[in-house]
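What follows is chain A paired twice: with chain B in the first complex and chain C in the second.
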Partner chain A sequence: MAEKKKDWPPYAPGTYVRESDIREKKITYTWWEPEVQYSWSLGPAMSKFLQGLKNGKIIGIHCKRCKRVIVPPRMFCEYCFGPTEEWVEVADTGIIETFSISYLDPDARRIEDPILVGVVDFDGTPPHHGFMHYFGEMTKDEIKIGMRVKAVWKPEDERVGSITDILYFRPLKGGET
Partner chain B sequence: MKEVAVIGGGMTLFRRHLLETGKELSFLATKMAMEDAGIEKDDIDMVVMGSAPDAFDGIHMKGENLLDGAAAVGKPYVRVFNGGGTGVFAPIAGWWHVASGVADICLVVCEEKMGNIYPHPQTAFRHIWDPILDRPLTPNLVWLFAMEMNRYMTVHGIKKEDIALVSVKNKRNAVGHPCAQLADPNITVEDVLNSEIMAWPVNRLDVSPPSDGAAALIFCNKDIVHRFTDDPIYVAGTGWSIDSTMWTNRDLYFPRYVAQAAKMAYKMAGVQNPRKEIDFAEPYDPFSYKELHHLEGLLLCKKGEAPILTREGVTQRDGDLPVCPSGGLLGVGNPIAATMGQKICELYWQLKGMAGKRQIPGDPRMGIGQAWGDIMQMATVMILRRG
Partner chain C sequence: MGSLEKQTDPTSPMHWRGDMQADYFYPSGIAGDKFFRHLMQKDSFLADTCPKCNKIYCPPRLYCEDCFEEIPDNSWKEVPSVGTVRLYTVAKLNAHGEKMKSPKIIALIDIDGTNGAMLGTIDSNDFEKDFTGIKVKAILRPKEKREGTIKDILHYKEI
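Then we have the complex of A and B:
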């Protein structure tokens, strides 16, 4: 006959501290503000990609074995694990793969005007294949998955070789390619 | 491979801030698990620690910081970590210590203190994004899950009302959990839908809270389990898998890496028909839609079917397939790695008949727990069964 054990957890050890207890120094604590900086060398694939953005172009690369164009490009294919080859310029148009209407900043502080953000699935790449960016020239009520969009670039003399050389993606107008 | 039993579990209170340090929380959870198992520190051969990004605690290499509280002094000890997957990956690592025959008794401790960082735990997540492609866009982690939720909803035509039912169920289930942070016996679908929009389609009550907490489990070689219990619970199967970091190059509507991990665990457990053979499930539910997404990934229903099962009451505690009877992350809290308490400790307590007010009716014989992490890419799965 199996023994009957007690209900578990039998109690909940630990002491709850309110945010106000910390602010009002009702508990003993210590504080630390680290300051660090990093520099990343970007490697051959990302260097080429960002140089392309500076020139107003979205650069991908072929995986010949998987017969796909990869955006953002990398020097190897993570699926077949072969090297990639042959850079290719991809159209700056595509469809909205998915999106969110965000009322949060990076520290989870609330913002009034929502950010429209999502993933663009680019023309000329396999389905569900692209990168994250902002959307603009559309309202939160207009944005939807499957909407055709086009990149809005910064003026050439303001581009620095960053993902933010594209300002956002706007709706593709009727007849426009 | 040795057969591996679970002989003890422990768990602390889960709250936004706890007074105790990480070491002290580890000690409290470990002591409770040792009391449950009826063992002392000297009985433990090896120790596994699970804890998520160092950036929350603010202590780099915190495995070394925590070990004193995890009964690890003078023993083989390792910390494992794969983001949100850690809560089930740490017990998997504990299992393999024993299954391999290297240890007879292995203690697993999972600890998290998310309350240490200011202004918000989200601040730590700023450092997990790709520095080239993502960080210049100043992302918030909730964006990711909002995008995945939207993709899942749109592909299957799922309404937010049906997803909100998960929050309602889990926050109500948590009422019976002594450690719970956000239990609510009266919450309604309207409460969830009317709560603040954080990043549409995610509302505040669709999200589990950041928490401090710890949990512990003790694994034991079957050959000596008779010394501790005559009613052992066994690890039937484990599985884990990871997908590409390039999350913008795959369709987010289905977590194929969860299916890969689940298939590995089902094969090990000899489970042919998961929906029939699995009696209850503890899928990872940091967001309401994730429970549904993961039920589908765990092959417990067809793609797009999980919201229907939820609406029909199948996943209630007294339903045909109880899901998150613990109250899950949504109800009990989300101290990342320490959610081992809801995902694997709860399987053990339910199978052992020790779950008290949370106990699911009938005579559950087999349960599955799962966690999920990194950039929507890591799945960890464990199946426990009665002896």
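Then we have the complex of A and C:
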């Protein structure tokens, strides 16, 4: 039977490096910031989508065969592999498909105020479609799946054709559709 | 029309450019720290010896790579920063793949009196010469400019 090993080799205990050791130059080290740049060619569909965001519109594309709207748009339908044919403007309202309450910021630093992120399922598109974004004007206790939300846009002159041209999605107030 | 429409503007597809932050932090470690702090003060290297197999490490190690024996502090000694070129290459392109104005001679140098070796560059404009086996000496930064990294060794020069 499994017997407890008594003679494990003694492990090197290891020495922790603290941030203050680096700041106060208590240890010698090499620091290097490599230049890592990338360029993502967006292709016709994603270009149209981001150009649309710049103009304050969410652009989708319609597949005639599957009778569905795809957002963000794609050049071909992932279901039937046919070319997608008709650009459509999608409403900037929808429901929260799924969400996450994050206590880490994009640099993986711990934060007190959680960031709310998730997928928005847009009105007029088939279920379980959409893209990820931030949620705002709601607390972590208020957010729930199925909540109706609307995009909050950047001012027109600040939009550059980026997904961040939408600041976040806010809950629809009573009476709004 | 959608994806089947004719594209007449070649500039319409966009590009998204970005920078990735990928900082690199390499602490010298306990043995490395001792080595570099010595190098900040003196123009010589430090080496240490395995008590079991007598292998002499330069740069020094805390544990022997061959027999895993812990190397005691009392085996540390100073060695001159002089060595023999074991092998070398003449690099014409930089790390980005661009042609450099002047080629660089990158060499592996066996440090005299030890079993260790260091990578470095040889300061010479003679790119046709065979450097294997020649004696070289480390040229260091002026003492006040040393930072405690391998870059304190500027290059090696033939003696």
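Assume the second predicted complex is superposed on the first by the 141 of 177 C-alpha atoms of A that agree within 3 Å, B and C clash if a C-alpha of one lies under 4 Å from a C-alpha of the other, contacts with A are read in each partner's own complex, and residues count from 1 in each chain.
Going forward, a residue touches a chain if its C-beta (ideal position, glycine included) is under 8 Å from a C-beta of that chain, and two chains touch if they have at least 3 such contacts.
Just so you know, these numbers come straight off a predicted model, no measurement behind them.
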Dominant contact partner of chain A by residue count, chain C or chain B: B
Which superposed partner A:Thr139 touches (first chain B, second chain C, both, neither): neither
Chain B versus chain C as contact partner of A:Glu85, first or second or both or neither: second
Which of chain B and chain C A:Arg109 touches, first, second, both or neither: first
Which of chain B and chain C A:Val17 touches, first, second, both or neither: both
Touching partner for A:Ile27 - first (chain B), second (chain C), both, neither: both
Partner chain(s) touched by A:His129 [first = chain B, second = chain C, both, neither]: first
Which superposed partner A:Pro72 touches (first chain B, second chain C, both, neither): first
Footprint overlap on chain A, comparing chain B with chain C: 9, 12, 15, 17, 22, 27, 32, 34, 38, 40, 42, 46, 50, 162
Residue numbers on chain A that touch chain C, as the complex places them: 9, 12, 15, 17, 22, 27-47, 50-51, 61-62, 73, 75-76, 83-87, 161-162
Contact footprint of chain A on chain C as seen in their complex: 1-4, 7, 12-28, 30, 32-33, 36-37, 62-63, 68, 147-150
Chain A residues touching chain B - in the complex, by the definition given at the top: 2-19, 21-22, 27, 32, 34, 38, 40, 42, 46, 50, 70-72, 74, 78-79, 97-110, 114, 117-119, 127-134, 140, 145, 162-164
Residues on chain B engaged by chain A in the complex (per definition of touch): 9-20, 25, 28-29, 32, 36, 58, 115, 119-123, 126, 131-134, 136-140, 142-143, 146-148, 150-151, 154, 178-179, 196-202, 212-213, 229-231, 244, 246, 248-252, 349, 352-357
